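Read the structure below first, then the notes.
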Amino acid sequence: MKSMLRTGILFMQNQQLKQIVEAILFVAEQPLSETQLLEHLQDQKVSRKQLSAILDEIAADYQERGVQLQQVASGYRFQTRPELGGIISRLWQEKPPRYSQALLETLALIAYRQPITRGDIEEIRGVSVSSQMMKTLLERNWVKVVGHREVPGRPQLYATTAEFLDYFSLQDLSELPAIPAPAEKAKDTGQTTQTTAETATATE
Amino acid sequence: MSAPVSGPNPQQQSLPLGFVRGEPLLDKPEDLYIPPDALELILDSFSGPMDLLLYLIRRQKLDIIDLPILPITRQYMEYVDMMKNLKLELAADYLVMAAMLAEIKSRMLLPRPPAEQDEELDPRAELVRRLQEYEAIREGAQYLDELPQTGRDNFVAHSATDARQYVEQTLPDITLAELALAFSQALAQAELQHHHQVHREKLSTRARMSRIMDMLQQRQRLRFAELFDVSEGKQGVVVSFLAVLELVKEALIDIVQVDAFSEIHVTNRDPVYAEPTA
Amino acid sequence: MKSMLRTGILFMQNQQLKQIVEAILFVAEQPLSETQLLEHLQDQKVSRKQLSAILDEIAADYQERGVQLQQVASGYRFQTRPELGGIISRLWQEKPPRYSQALLETLALIAYRQPITRGDIEEIRGVSVSSQMMKTLLERNWVKVVGHREVPGRPQLYATTAEFLDYFSLQDLSELPAIPAPAEKAKDTGQTTQTTAETATATE
């Protein structure tokens, strides 16, 4: 009878200790070592051995859960299951940014007027083309340098890449939508819209 | 209005005043004697004149509804007088209340014509209403303080995760339509800037140059004849020819003829150009 | 046999969903509403009903643990058992903030009598409300300006926020313990009282 009572108390204590250790680990900003945990549990008079057992129990409890008790160099911490990384990462997934009008026009000029130098683009657009913009297009692998124009300074000539065609699901450049001549554009808005709409559908 | 505010409730009475530096300040100044150096503490312990007023009423075990204005006013004034001597700036709000109490007192002391008496409200009514509301709110403040608070009673649980490494950097999307639109906008811009005719002329050769380069991008080697479209007429052929010459001049293409009178081929210049060392 | 298999698959799916929901809630920086969770689970094709059941299961799983699933105004979050507060707060050197009586009264007035102006608060408390105190409440995001009263000076009307409810582990204002309704103003009709109470309920 007495021993049953004692077991009961021990169970209670054990459960409460588990709760405390668990809660501390979930609230701490850093992993906690056994020594640090023992310090926090001074008032509970826990032995190192007892703590080890409790940590083992917690680890077992969380074996099949979304987060697990993990021992790392500086101690214990809870961590999400490794295989959930992909799904969880959506929490931080940001909406893709948008390219500026300047970048779109630069890319369009390279696509429709390749091979073309930065100077050519600047002349047509009437504003300077930033190095950052060219870098973005080169990094995206939509644009590459195909040569140099043999004039003073030997400016690089830009052209579009196979990746560019792939991205827009084009077989070759001749499939680029026809552009209404600038003069007609003002009158012929209906046509433009249609072309645009068709192409848009084809792209998706 | 359903809940009458009960006066002699010892439970409530002991709650409101709170603590002054750890010491419960309940019925201590029973006879209203406050040692001068304790005044500041007492001021701090009341959250305002309503608090003090309520304290005085509760201490006397009096009912708010039947507010005994004369003794309360007298006691209140004694507090305020002491404050005035010591901490005037702290007592500003208390003075406003003192004035209000004095006004109510005077109105209650003055005899009134019987006709007026029916219509006019009890001058205490507004103060009683505010006291009741204040008491209710103090109860609410008490509840708030007793609710579990984040960072005091409970803590938000967080787990570490390695998931951040899976966050993909998403790149902006463009549709063909956007690209085409951007091109026509760029051209429209150019139209505004350049003289119309010069521009046209220049573009036609350059457009043909691009087309030849485009063709060479898809296929390394083209037959010379493929560069010309007879349906374009003489002018078209001339433009194409000029474009080829320009491309050769700019060293972008090579023209190759193995033997005399054999087929002429146009090839892309050395692919080495694509490499950064070029 | 087939049905056993199917049950097995369902169990698997359910367990995995539980793991995902659990992990997401443990790493999210803010409480997450059911709608937000459903968004994160788009690929898993979870119905709202299914999610509700999963959340119930998780809550039950954690009933006796050191941390528990708690529903607050802006959604679900895990938080430590209330009775462990004392032990856990000792982990940090700094004492948890204690709010002054004046601040609690001001906050209570806004919580119970919203929307309310600073003038209203001053009238009831019989003392001027310091700008510092309003700043503290606004900076803690417990209180926000929800409009203006159309009287001379157009004083700002204050109301409590979802963060206020989250802080006190409340789902909505109706969970606040009731206090006596405000007495009618001496000169006014009973209309005022009722309006105030209704508005307070409708706000959140």
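As written, the chains take the letters A, B and C, and residue 1 is the first residue of each chain.
In this section, contacts are C-beta pairs under 8 Å (C-beta built on N, C-alpha and C of every residue); 3 or more make two chains touch, one makes a residue touch a chain.
Composition by chain, UniProt nomenclature: B = Segregation and condensation protein A.
From a predicted model like this one, the values you see are computed outputs, not experimental measurements.
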Chain whose Cα centroid lies at the greatest distance from that of subunit A: C
Chain occupying the middle, per Cα centroid: B
Where subunit B and subunit C are represented by their mean Cα positions, the distance between them in whole Å: 18
Distance between the centres, which are taken as Cα means, of subunit B and subunit A, whole angstrom: 25
Whole-Å gap separating subunit A and subunit C, where each centre is the average of the chain's CA atoms: 31
Residues of subunit B touching at least two other chains: 155-161, 163
Of all residues in subunit A, the ones touching two or more other chains: 23, 26-27, 67, 78, 80, 84, 87-88, 91
Subunit A to subunit C touching residues, read off their complex: 15, 18-24, 26-28, 40, 43, 64-67, 78, 80-81, 84, 87-88, 90-91
Interfacial residue positions of subunit B with respect to subunit C in the complex: 1-3, 5, 18, 47-51, 53, 92-93, 96-97, 121, 125-126, 128-130, 132-145, 147-161, 163
Contacting residues of subunit B [partner subunit A, same complex]: 155-168, 170-191, 193, 206-207, 209-210, 213-214, 217-218, 249-252, 269, 273-274, 276, 278
Residue numbers on subunit C that touch subunit B, as the complex places them: 23, 26-27, 67, 70, 77-82, 85, 88-89, 96-97, 99-102, 104-105, 107-109, 111-113, 123-128, 166-170, 176-177, 179-187, 193
